[in-house]
Every structure is written in structure tokens, then in C-alpha cells.
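What follows is a group of structures, each given as C-alpha cells.
Below, chain A partners chain B and then partners chain C, in two separate complexes.
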Partner chain A sequence: MARFVGYVVKRVLNYIVMIFVATSLTYFLASAFMSPRSNYESRTPRPPQESIEWALDAANLNDKTPIMERYQKWIGDILTKGDFGKTPTGASVNHEISSRIGASVQLMLLATIISIVVGVSLGVYTAQRQYQWQDRFWSGVASLFMVIPTVVLAILIVFFAIEVNTATGTRIFYVTGLSSYSGSNFFIGLLDFLQHILLPTIVLTIISAVGYHLGQRTYLLNEMHADYVRTARAKGLTKKQAIRKHALRASLIPTAVSVAFSIAGIFTGAVMTEKIFAIHGLGEYFINCINNNNIHGAVAVAAFSGACTLVGALLADLFAAALDPRIKMS
Partner chain B sequence: MSEEKRQVASPENTDAKTDETHLTNAELELLADELGSSGGEVKRIGYFSLIGRRFVRQRSAMVGLVILIILIILAIFGPYMTPFTYTDPDFTALNVPPNATHWFGTDGGGFDLFASVVHGLGRSLAIGIIYSVLTTIIAAIVGTSIAYVRGVPEKIGMWFLDMLLIIPSFLLVAMVVRASSGTEGWWMLIVGLTAFGWIGYARTLRTMALSLRERDYVRAAKYMGVSPIKTIIRHLIPNLGSILILDTVLGVIGGINSETAYSFLGLGIKAPDTSLGYLLSQGSSAMLSAPWVILIPSIVLIVLCVSMQLIGDGLRDAIDPYSRAAGTVEDDAEEDAATTETAKA
Partner chain C sequence: MAETTSTSTQTSWVAKDDTLRYELLENNGPKGAPEGDPIMSIRNLKVSFATEAGRVDAVRGVNFDLWRGRTLGIVGESGSGKSVTALSLIGLLDDNAHVTGSVKFDGEELVGKTDEEMAAFRGKSISMIFQDPLSALTPMFSIGDQLAETLLIHNPNMTNQQLHDRCIELLTMVGITNPEDRLDAYPHEFSGGMRQRVVIAIAIANDPDVIIADEPTTALDVTIQAQILDVLAVAQRETGAAVVLITHDLGVIAGTADDVLVMYAGRAVERASIDTIFDQPSHPYTMGLLGAVPKPHMAAEHRLVPIKGNPPSLAAIPKGCPFSPRCPMASGSCFEIEPTLDPFNAAEGHLVSCHKLATIRDRHLNFQDVYPELEPLPAKWAEVPRDQRPIVLEVKDLVKTFPVQGKGLIRRDKGTMTAVDHVSFKLHEGETLALVGESGSGKSTTLMQIMDLVKPESGSITVLGKDIATLKNNRERRELRRDLQVIFQDPMSSLDPRMPIYDVLAEPLRAQKWAPKDINKRIGELMHLVGINPDYVDRFPSQFSGGQRQRIAIARALATSPKILLLDEPIASLDVSIQAGIINLLEDLQVQLKISYLFVAHDLAVIRHISDSVAVMHLGKIVEQGDTEEVFTNPQDPYTQALLSAIPIPDPKIERTRERMVYQDGKLVSSSSLLSGHKG
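What follows is the complex of A and B.
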């Protein structure tokens, strides 16, 4: 147990150093490429020079201050107060991010769960029927969805939803936002939420279920031809029993690893889907940051998603260790 | 060619659906030798012509290749097929559906969609192919080098790759590309995508090179005093060759997808230049009044990506000697027969 704790602590320390270096690197790159000054200079009428300097100084974004000085102040605020700085307009990045995480989680949680269930069960189903028509059909569908760009998929789904809406004359599907009902009736509110979240969930589910499906199929096929499954069959188990009791368990290990990473992804949202469906989550915030020269906002989102990735990596290690009896902590 | 031997090959041709009748590539090769009319002599062919032969055997791969060639021809010669260009709007025809003058219709600004689509198709293809080739080269060199050096440098290298992986490359690419102008944008997009696209791939290739570095020929090269760079270029990278080629083909899809995403978000290719992703973003605002502006670029993108996928799948089956999806040898046999007949005549 002590060795296990030591292992985890070592891992976490390594990850913290990684995040620190990666975030600092992103900060310097963002400062080099983004110019918050242009936000003020392009305004009409152009504000007086002193007020531009003042506003930039207040947000710690003035490019006339040496970069190391700005960096020290910025990293100091994060380490001491957990404050990720200000946007060019002077708003708090912490506040903007925390108000958007909720929307991302609402969107991603459902889609992640459904895609894991659908993807893994399709993978198991098709692997048992390799080269039969079911396998060919679903694998064909999967590889089609895998190569279609996300944008195209989402736009086509929106397009057909609008066609359905006009054809039926009622708004069955909503294609923007997460809710439009402001009353107090819980059930109408729930229905309204479901109408909004249905289409983005379909898009996200298709995108990630395809990966789980093809992955699980490959892993299970690999295990099905392993020696221990043949031994189990030789001892008299039916093919189904051998798969369920032996092959399936081993094949779930790599899937569990990718599930671990997607758990972390719930908090960072989905850039394309949020943009297309006008959901105000972290993914959309990220794009807005880049477009509005919001250096601190962009770096904060980058740091946050980096942290989530590493939490995912740690979870993946733990999942693998829990499932795979061969893995020893070293 | 005797009638008896023909029957050996026919069952798997007529009944290709069941597992048992599928032969692996290696078995197919034996069958092809047997069927060959060179009188029991085993025909020797090089590795790449072998891969080429297995590739040509597969119908779906050939379909993909034909579609891709048609799309490339369209991208190259398309601009000369119409009097309109993607930069000059036709103010007499705003938002018209596809017709004889404007084959794919026009958008709200009067831009001819056919001219825009063929130009965008060229952009997508160029970006996808250049991106894929460059990332493969960088990833191959970095990945194998990290595997070759071993010890502390290897650990440091892997740490840096992991560190670079946790920065969302989306942000970095978008920052680099956004700073560029409209006409130069597509070069900057390639530079940005390549600069941050090779990292995960290099990690995979390093894992694959781990077993290569233990081979005797690598050790022999080392003790013969061959320099590390030469060993990497001459021994490690060529031995990953087939994987590299396959990943280059599939990487094109990734490049095209990224281009579409960035341009759609307004962070990639911008006016006055145009691309399929940019057309989609234009069309999405007028989805109801002018559906053809989004539908046509969408269809072109899907066809392009699916053709690349078919080629990639075909290539994968051709490279894998145990693959059972590689079609039949009948065509080869007929080909052989034809060549020997002409030789006799």
C-alpha cells in the first residue's frame, strides 16, 4: 500500500510540473501572438492613449511592460490567490469560467455516458459476428461517421432538424442554446431542456461512440483468439460463456483507459458542437478568448484542460491497475 | 491454365461472405503462384509491387482511388471549366439555386459556388496532403530518434512529448493562423497544424521503434561505427515504411477535418481566399434560404474523406499479410495468362 501511495504521489508531482511548464509556455506564446491593445485601438472613436494604457495596466496585459514582469505578477496571483487574471475588458476570468463549466457538464455528461454504453455494446456485438453482415454494416457506418468532419455532421443534423420543424409546423427540435423556458413548471422545463439537448447530444454521441465501437471490437477480437480463451473452450465452455467470462474482461482494460480520459473531457466541453449549437460552455468561451485577444482567459482554459487530461491519465493508470492483475505498481 | 485449378479460386470469389472461404494475403500469394502460367516457377516481385498488386485486387480500394483521382482532376481543371471565379461576384444572380449558368448555384454575395467549391477542394487537398506528409516526416524522425538514444535522453524526450500533448493544440494553431492575412492564411494553417500535429504520432512511432532498436542489424550498424543519424535514416525509418505510408494516407483525412473546423470557426482560411470549411460557415447562416450552399460543400467533403478512407483501408489490408479482406487472385491469374499469351504470339 505504501508503495502504491508513493507511486501515485510521484505521478501527481510529475504532472504538476508538467502543467506548470505547459501553462507557462502557453502564456508566452499567447502573449506573443495576441494583442489586447488592438481591442482598444480599433474602437471608434479611439479612446485617449492614457486610458488605453491604464486599462491594459489594470488587467496586467500591457505589452509595454516587460513580459517577465507581467508573467511574474500573473503566476504569482495564480499561486497565491488562485486568480487567473482579467480579461482585456477588466472582468474576472475565474468568474467567467466558473459560470460556463455548468453548461459544458450538462452537455457532455449525458453524451459521454450514452456514447460509452452504445459504443462498447456495439463493439462487443460486432466482434462476436466478425465478417457477418451485422459486423460489415455497423463497421461501415462507423468508418463513415469517423471520417465525416464534425462540422459537416453537425450542420447536416441541424439542417434536417429544421426541415422536420418546418414540415411538421411545430418546433420539435431547438437548435440553439440549452433552454428557453423561464416558467416554474418542472416538467415543461425538463421537456424544454430535452428538446434543446437532444441534437447536440446526438452529434457528440455519434462522434465518440464510433471510437469506442471500433476500439472495443478490435480489443475483443484480439482477446478472442488468445490461448486462454481456447483453453476455456477446450474445457467445455460455450463460445458465449468463454467470451463473457474471459475475453470480455480482458478486452475492457484498454476501453477503460479511454473512458478515463473522456471523464476528464466532460469539464472542458466540445468546441465545435458548442459553437454550432450556440451553447455557452467552455468550448465556446475558448474560441471567444482567441477572437477577443483574451490572453488570460485562453491560457486559463488551456491550463484547465491540461489539468483535466492529466487527471484522466492518472485515472487511466488506476483503472488499468484495478482491472489488470498483471500490472504491478513500479 | 487448366480448368481444375480455376475451380480452386472460384469458391471464394462467388461466396465471399462467409469467414471460412476468405484467404489471407499470404495464402492468396501462394494461390497466385500456383495459378501463374509460368509452369510452377515462383515469380519474384519486389515488396512494393507486391503491395501494389494486393491493393489493386480490392474493389473498394480501387473505387476510392478512382474517386480521389476524379476529385484531384476537378480541383486542378475545375477553375477553367467555368467563366466565373471565386473572387468575382455575379451581381445579376444572387442566391440562385443550381442552374445551367451557375452549376452549383450562387451564394448571397453572388459568388459562383462551383468556382468556390473547386477552389476550396484544391485547398483542402493541398492542406491535407502537405500536412500529412510533413507530420509523418517529423514524427518519424523524432519518434525513432527518441527510441534510438535510450537512457536519460529518451526519458527527457518522452517527458517533453507528454508535456506538449497536454497543451490544447487547438489554441496554439488558432493563435498562429489568426495573426496571418487572408491570402497567406492557408500556408500559415499548414505551418500551424504541422507544428503541433506531429506530437502524439511521434509517441506512437517511438513505441513501434522500441522493438526495432533491439534488432541485430541496428546493433551491427552501431558497432561498425555508423553514425546514429545514418542508422536512424537507413535502418529504423525504412523498417517502419509501410506503417508510415498508411498513416500518411489516413493523416490526410485528419488534415482536411482540421482545415474544415478552423475555417468554419473563422480561425483558419478567411476571405478573400476560400475553402470548404469557409463555405460551410457562410452557408450555415443562410441554411433555410439557400440550402445548396451548405449541402454541396458537405457532400464534396464527405466524398473526399470517404475516398481517402477506402484507399487507407485497402492499403492496410494490402500491407497486412494476415488480412482476409484482400479480394481474389483471379484477376492476377488472368493478367498473367494474357501476358504469357501475348509473349507466345
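What follows is the complex of A and C.
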């Protein structure tokens, strides 16, 4: 156990160094390409020069200050106060991000769980019926959704939902935002939330379930023909039992690895889907940051995504070690 | 002890047909003729597969019976249908298999049963041991769990204590020491031999009536093979089961089987008691198989006689007798009508499927008569004694170590493992030196070190008088490489499948900057030299059989007229009847071209046949070195003695009386003392 804890601590320290380096590089890159000054200069009427300089200085975004000086102040605030800086308009990046993580989690959590369950089950189901019509049908559906870009799929679904709304004359589906009810009745609130979350969840589920389905199918097919499955059948298990008890576990190891990374993805949101459904999550925020020359916001999102990905990598290792005795944490 | 089957009081199910009648006469073996009712009856078994290449008839009408306590050996080469026969007994064929005929277990018809119905028989009445122990156990479950699962499937009411006790008992029975500690171990913590013991423990867990062993020792080293065969004998004694032993190795059959069925192209071509098969092989194919194998217990006197051609593809079985295209006796009706299994010697139940049966019997034809090309070994450059010829390769105190890393996610150096430990030997011109040893002995690493042509960690390698530590650059290395070529074990993977043979052979010449005109001429010579039609140069490797591919690999190695050939298990992946041809080719080439061979192999029979001197390696060291005959007839080192005693000899009478020795901590122990203590 002590060795295990030592192992995890060592990994986390490694990760912190990696994130520090990556984030610093992103900072320099973003500072070189983005110009918050233009936000002010392009306004009509153009604000007075002194107030532009003042606003940029206040946000620590003034390109007339040497880059190392800005970097020192920025990194110092992060390390001492956990403060990721300010937007060009002077708002707190910490505040903007924390309010948006919640929206992303609401959106992603359900979709991630459903897509794993649906994708893995379909993969197992079709692998056991390789080349039968069920397998061909579902693999065909999967290939179809794989080639449709997310944006197209989302817009198609929005289009159909609006058609249904128009046909029935009532608003069954909401196509923007996460809620529009502001009363205090819990059940009406829940229903309202479900009406909003349904469409983006369908989009996200479809695009990620396809990956799980095809992956799980391949992994299980590989293991199904392994010699040890034949040994299990020779012991007296039926083919189905042998696959369930022996092949499935081995085939879940690579799936578990991608599940671990998806868990990290729950917090970073989905860029395209959030934009289309006007959900104010982290994915949408990232795009807005880049559009608005919000250097500190963009770097903070990049740092947060990096941290989530590395946590995913650690989880992936832990999952694999839990499922496969050949991997030892020592 | 074999208890008499109490359930088979209803004797009526046994069909009293010719097959059974002749089988009951098979008495020329240690156990005499079979008695009582068989436990399993296989009649007119046919298995075909629908494949993309059309219908493949893997088994075409096989009949046999199994008796408790007896072992039936099924011998055949790849594609003979022996493994498919085994799998159809236990219902483990792929879904695209079409099985007809009858497989009866204690009166109950198994053909046509569903997977669920067969599951009740598998592991309980009929169990199976597979070829590759490394992949036969589920890597995610502990040994104890896998054993307990076998017991629980058929005895769901066993308590944990009963399960535990039975698992310990089983592991003890198959010779696993400290079974108590080993229950929680995972398969990857076991060696191949230990895993095969566990597989055997699983097979005998529910006291089966029939155990099918499909090439159970093929993937194992020779000393481990001997131990596993002993364990198999214990397993049979404890369960009293009928054993079906499937193998291509006639030595393995000689020591274990009571009755033998020789299969070729999906049919039985000969069937007899064990001693009869070896004393009086009467089908030309059986004769060829026995004759083509080098004998580990006799000095080589003759060239081997290869059976010409290749085993047939099951998708295109030749018309008439399937062996006719390869048979030296074939004529007339052999090419038209497929013969049936007829009595050769009715009194002994010896059956042979051959049109020339009468001729063979009346003239008492044996191997030498049927395969008349038996020639004495070509004189090997006899004018100069071996030790006076120049030395072409000298290895002195060669050392190679590998860092040992911890397994898992953090790799930490845990020290070093010495793979080659102060190895020294000399190779003279025109000499064949064999490096013998089991896996992990360092023989292949030694070969790789020589091939790399880089300065070794310690010690020296001198090739044709040049110390390779003095090579300054890659140009000098390339020049030396022209004289030093290598041939690998697997001709399937050592030839680039996307290169026609012309390019395969031209590549080493281009690397040595030959002119295109000379390359053309040289390729013609090479193809001729290894016995392949030079018109085939534009074909791809996949269009050739395994033996032909190995010939091409040899031609590639010979392209630059090397002085030394390094051969890494060059015939290990070939069928028995093909091996002889390659061995002969190597011998001929040596006489013609005066090349020296450094030969790495684990097959001691082949080594005795082909090599002039032998170096036995064990744990990175050479433990014994000398003239081949000297080492084989009068081994000094205990490890060599154990190794030699483990080789199965293709002669049942010798094999039965031999005492195997096991090497343990530098001492020799009799193998029977290791297992006999564990009784029930």
C-alpha cells in the first residue's frame, strides 16, 4: 500500500511539472498572438489612450509591459492566490470559469454515462453476433454517425425538434440553454431541465457511443477467439458463459482506459455542442476567449483541460491495474 | 486406478462392426488387447468447413473407439485433420464446421447436440489439454479461481473448504510444489511447463472418462516435455481415463500410446498397436514419416530420405489416394480410386489403406525398399582433418548482460541478467557446430551478438581472422557481413511478403553493389542451387510452401557467397516430412561450397544428424563441448545427461525401458522419484 501511495504521489508530482511547463508555454503563445488592446482600440468612439492603458494595466494585459514582467505577476498570482487573472474587461477569470464548469458537468455527465452504457452494450451484443444481420445493421448505423460531423448532426436534430414542436403546437423540446423555469416547484424544474438537456444529450451520446460500440466490438472479437476462452468452454461453460466470464473482462481493459479519459472530458465540456445549443459551458467559453482576445481565460481553460486529461491518464492506469493482474503498481 | 464403468451395464449400444472387431485384436503393446466395452465410439466422422476458398473437407470418414485406461495416439502433419478430429469429439469446433457421422459417449450420441447440451459433457466426462499453455489460461484470474471454476461448473454445491482441498490435491497430483501458496498466483507468474501442469489439473479435476491432449508438449522444451508426459501418465493413472494423444512427434507417441492411428489428408491411412506400427510400418506414408526423422539415439549413417512434395491442401485433395503424388510406389489405380482401410495382418488388427498392400505384405517391403534413394552421407571434405583447417569464427569469453527491470508502470533497474556468460568456441572451415540448449539458455543471444558485428561487452569475436572490435565503420562491417549470413526459424515472416523472389535475392547483392547483369546471373545460379525452378523468380513468397520458402531464405543467405552461415532453428517450423529435404540441402551445400555452419537448435535428433561438434548451453554458459558423437554417446556434464535422457526416441521398446533423469541444482535425479510420491 505504501508503495502504491508513493507511486501515485510520484505520478502527480510529474504531472504538476508537466502542467506548469505546458501552461507557461501556452501563456507565451497566447500573449504573442492575441491583442486585448485591439478590443479597446476598435471601439467607437475610441476611448482615450490613458484609459486604454489603465484598463490594460489593471488586467495585467498591457503589451507595453515586458512579457516576463507580466508573466511573473500572472504566475505569482496563480501560485500564491490561485487567481488566474482577469479578462480584458476586468472580470475575474476564476469566477467566469467556475460558473461554467457546472453547466458543462450537467451537460456531459448524463451523456457520458449513457454513451458508455449504450456503446459498450452494443459492442458486446454485435461482437457475439459477428456478421449476422444485427451486427451488420448496427455497424452500418455506427459508420453512418461516424461520418456525420457533430455540427451537422446537431443542426439536423434541432431541425426535427422544431418540426415536432410546430406540428404539435406545444414546446416539447427546447433548443437553447439549460433551463427557462425560475419557479420553486422541483418537479416542474426537473421537467424543464430534461426538456432542455434532451437534445444535446442525444447528440453527444450518439457521437461518443459510436466510438465505444466499435471499440468494444473489436476488443471483444479479439478476446473471443483467444485460446483461454476455448479452455473455459472445455471446462464445461457454454460459449456465451465463457465469453461473459472470461473474454469480456479482458476486452474491458482498453475500454476502461477510454472511459477514464471521458471522465476528465466531463469537466471540460463539448465545444461544438455547447455552441450550437447555446449552453454556457466551458467549451463555449474557450471559443469566446479566443474570439475576444481573453488571454488569461484561454490559458486557464487550457490548463484546466490539461489537468483533467492527466487525471484521466492516472485513472486509466488505475483502472487497467484493477482489471489486469499482470500490471502491478510498484 | 481404473475402476470398471458401472454405468455401462447396457452393453447394447456398442456396434459390433469391423472397426471394433479389428481393434479388439490390437494386442502388440504393453497393455495387450483392449477389453470390455469402449467408452467412446467414433464412426464415419466427417467434418467440413465452409470457407472463402470453398468447402474444405478436414476430416473424411474416421472410425475409432476409446477404452478407459488406454491411450490412442493420432499422428499426422499439419492439415491431416488430427486436431479437427479431436475438437469434434468435445464439440469445440468453430460455428462454420459441418459435422456428420456418429460420436457416441457411453451410448449417447454427441453429434447434433447444442452447445448447451455439450457443455454438460465438457470438463466432466470429456476434457481437453491444449497445445499452447501460455495462452490456454485466462490471464486475469488466479490459478485457484480457474481450477475452482472447473469444479463448480459441474458440482455447484461444493463448499469453499471442499474446493480448496480439491484444488490443493489436484495441484499436488500434477507436481506443483507449495500448492497452498500457488493457488493465488496468476498464470503469468508461472513458466510454460508449470502452466501446462495447471491445464492438466483442470482437465482431470472432475475425474473425466476421456482426456484429449492436442499436441500437449509441442510448445515446450525437451526436458519440460518429458516431465509433462510423465504428468499426463499420472493423470491417466489417477482418473483411469481414455487418452487421445495428438502429435506430429513419433518419439512422443512411442513412449505413451497403446494404439496408433496415422492420419493423412483427413483420413486414417494406418492403424495398429504401438509396437506393430514401429516394427512394421506398412503404409508408404508411415514408412516415410519414420524414415524421414533423424534418430536421436543412433549415429547418422545415411542421408535422410525426404518424402517428395508437400502435404496436400484440404481444399484440393488429390484424386485417388491422396498420398499418390508423393508416393514412390504409386501407379495406375492409386491415381484413380481412394483405397479403404483393409487388414494387413488380420490377427493383429493391423489395418492399412493402400492399393499396394498385397505387394508390401508379400515382399516384406520396408522403408529402404520403398524409398530406394538411401545414400551414404556425402564425404565431408575429408582430405584435411577438421581441426587442421583454418578457423573462420572464434568467440572468446563472450559476455552479454541485460538490465533487469521491474515489471509494471515504474521500471526500475533491479540489476543485470547475464544471458551469455563467458562463452568460447571455435568454428573451422566447412564445419558444423551446433549450439544446443533450451529456451533461455542464451544460444540465440550468442548468435545475435555474432551477427551484430559490434564490439561485445566483454570478450572477443573474430570473424575470418578479423577481430570485430577493430572494425572502424559501417563500410568495413558491411564487407564482413558479406561472408557472414543468417537464416531464421520462420520462413513465413523472414521474407518480405510484398517482394517478389527476384528482389528478395537481389537485395543482398545490391547492398554489396553488384552490377545488374551479374545479379541476374547470380539469381539463376542460386535458384538452381536450392532446387527451385528459376522461372519462379517473379512470384511472391506467399505462393510457395513452407519448405520452399525456407529454400528461398537459404538462397538469399547464400547470395553473397558467404563463408559462414548462422542458422537459427532453421527447420523447427517445418513439417516432419519436409524437414529431411532441408537438412539434405544444407548438407549438400556444405560439401559443394565448403561453408561453415553455426547451427542453433533445440531438436537434438537433428543436431546429431547434421553437426560435427556440439556445444551444450545452460543458463548462459557452455557446460559441455566436443565432437557430436562423443557428446551424445558419452556425456559428462549432468545437464547434458538430463537433456539427452529427455529426448523421446521413436522406438517404443527402447522408450519404455528408459529411465529419464532430471537435472536439479547441479545433480541428477531420476524423474520417477519426483512424481510417484503423489498418489491420490
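Here is the rule we use: the second predicted complex is superposed on the first by the 329 of 330 C-alpha atoms of A that agree within 3 Å, B and C clash if a C-alpha of one lies under 4 Å from a C-alpha of the other, contacts with A are read in each partner's own complex, and residues count from 1 in each chain.
The criterion applied here is as follows: contacts are C-beta pairs under 8 Å (C-beta built on N, C-alpha and C of every residue); 3 or more make two chains touch, one makes a residue touch a chain.
Worth saying up front: this structure is predicted, and the values here are computed from it rather than measured.
**Student:** Under the stated touch criterion, which partner chain does A:179 make contact with: chain B (first), chain C (second), both, or neither?
**Tutor:** In the superposition, A:179 contacts neither chain B nor chain C.
**Student:** Just checking: does A:65 make contact with chain B only, chain C only, both, or neither of them? Give me first, second, both or neither.
**Tutor:** neither
**Student:** A:305 in the overlay: touching chain B, chain C, both, or neither? Say first, second, both or neither.
**Tutor:** first
**Student:** Determine, under the contact definition given at the top, whether A:272 touches first (chain B), second (chain C), both, or neither.
**Tutor:** first
**Student:** Does the superposition put A:144 against chain B (first), chain C (second), both, or neither?
**Tutor:** first
**Student:** Kindly classify A:233 by the partners it touches after superposition: chain B alone (first), chain C alone (second), both, or neither?
**Tutor:** Once the two structures are laid over each other on A, A:233 reaches chain C alone.
**Student:** If you count the residues of chain A that each partner touches, which comes out higher, chain B or chain C?
**Tutor:** Answer, by number of touched residues of chain A: B.
**Student:** Which of the two partners, first being chain B and second being chain C, lies in contact with A:156: first, second, both, or neither?
**Tutor:** first
**Student:** Residue numbers of chain A touching chain B in their complex, please.
**Tutor:** Per the stated touch rule, the residues are 18-19, 21-22, 25-26, 29-30, 33-34, 130-133, 143-144, 146-152, 155-156, 158-159, 162, 166, 271-272, 275-276, 286-287, 290-291, 298, 301-302, 305-306, 309-310.
**Student:** What residues of chain B sit close enough to touch chain A in their complex?
**Tutor:** Checking each residue of chain B against chain A gives 17-19, 22, 159, 162-168, 170-172, 174-176, 178-179, 253, 256-257, 260-261, 264-267, 277, 280, 283-284, 287-288, 291, 294-295, 298, 301-302, 305-306, 308-309, 313, 324.
**Student:** Please output the residues of chain C touching chain A within their complex, sorted ascending.
**Tutor:** Per the stated touch rule, the residues are 90, 92, 115-116, 119-124, 127-128, 130, 132, 135-142, 149-150, 153-154, 186, 188, 199, 202-203, 206, 406-410.
**Student:** Quick check on the complex: what are the chain A residues that touch chain C?
**Tutor:** For chain A paired with chain C, touching residues are 7, 10, 226-228, 230-241, 245-246, 249-250, 317, 321, 323-330.
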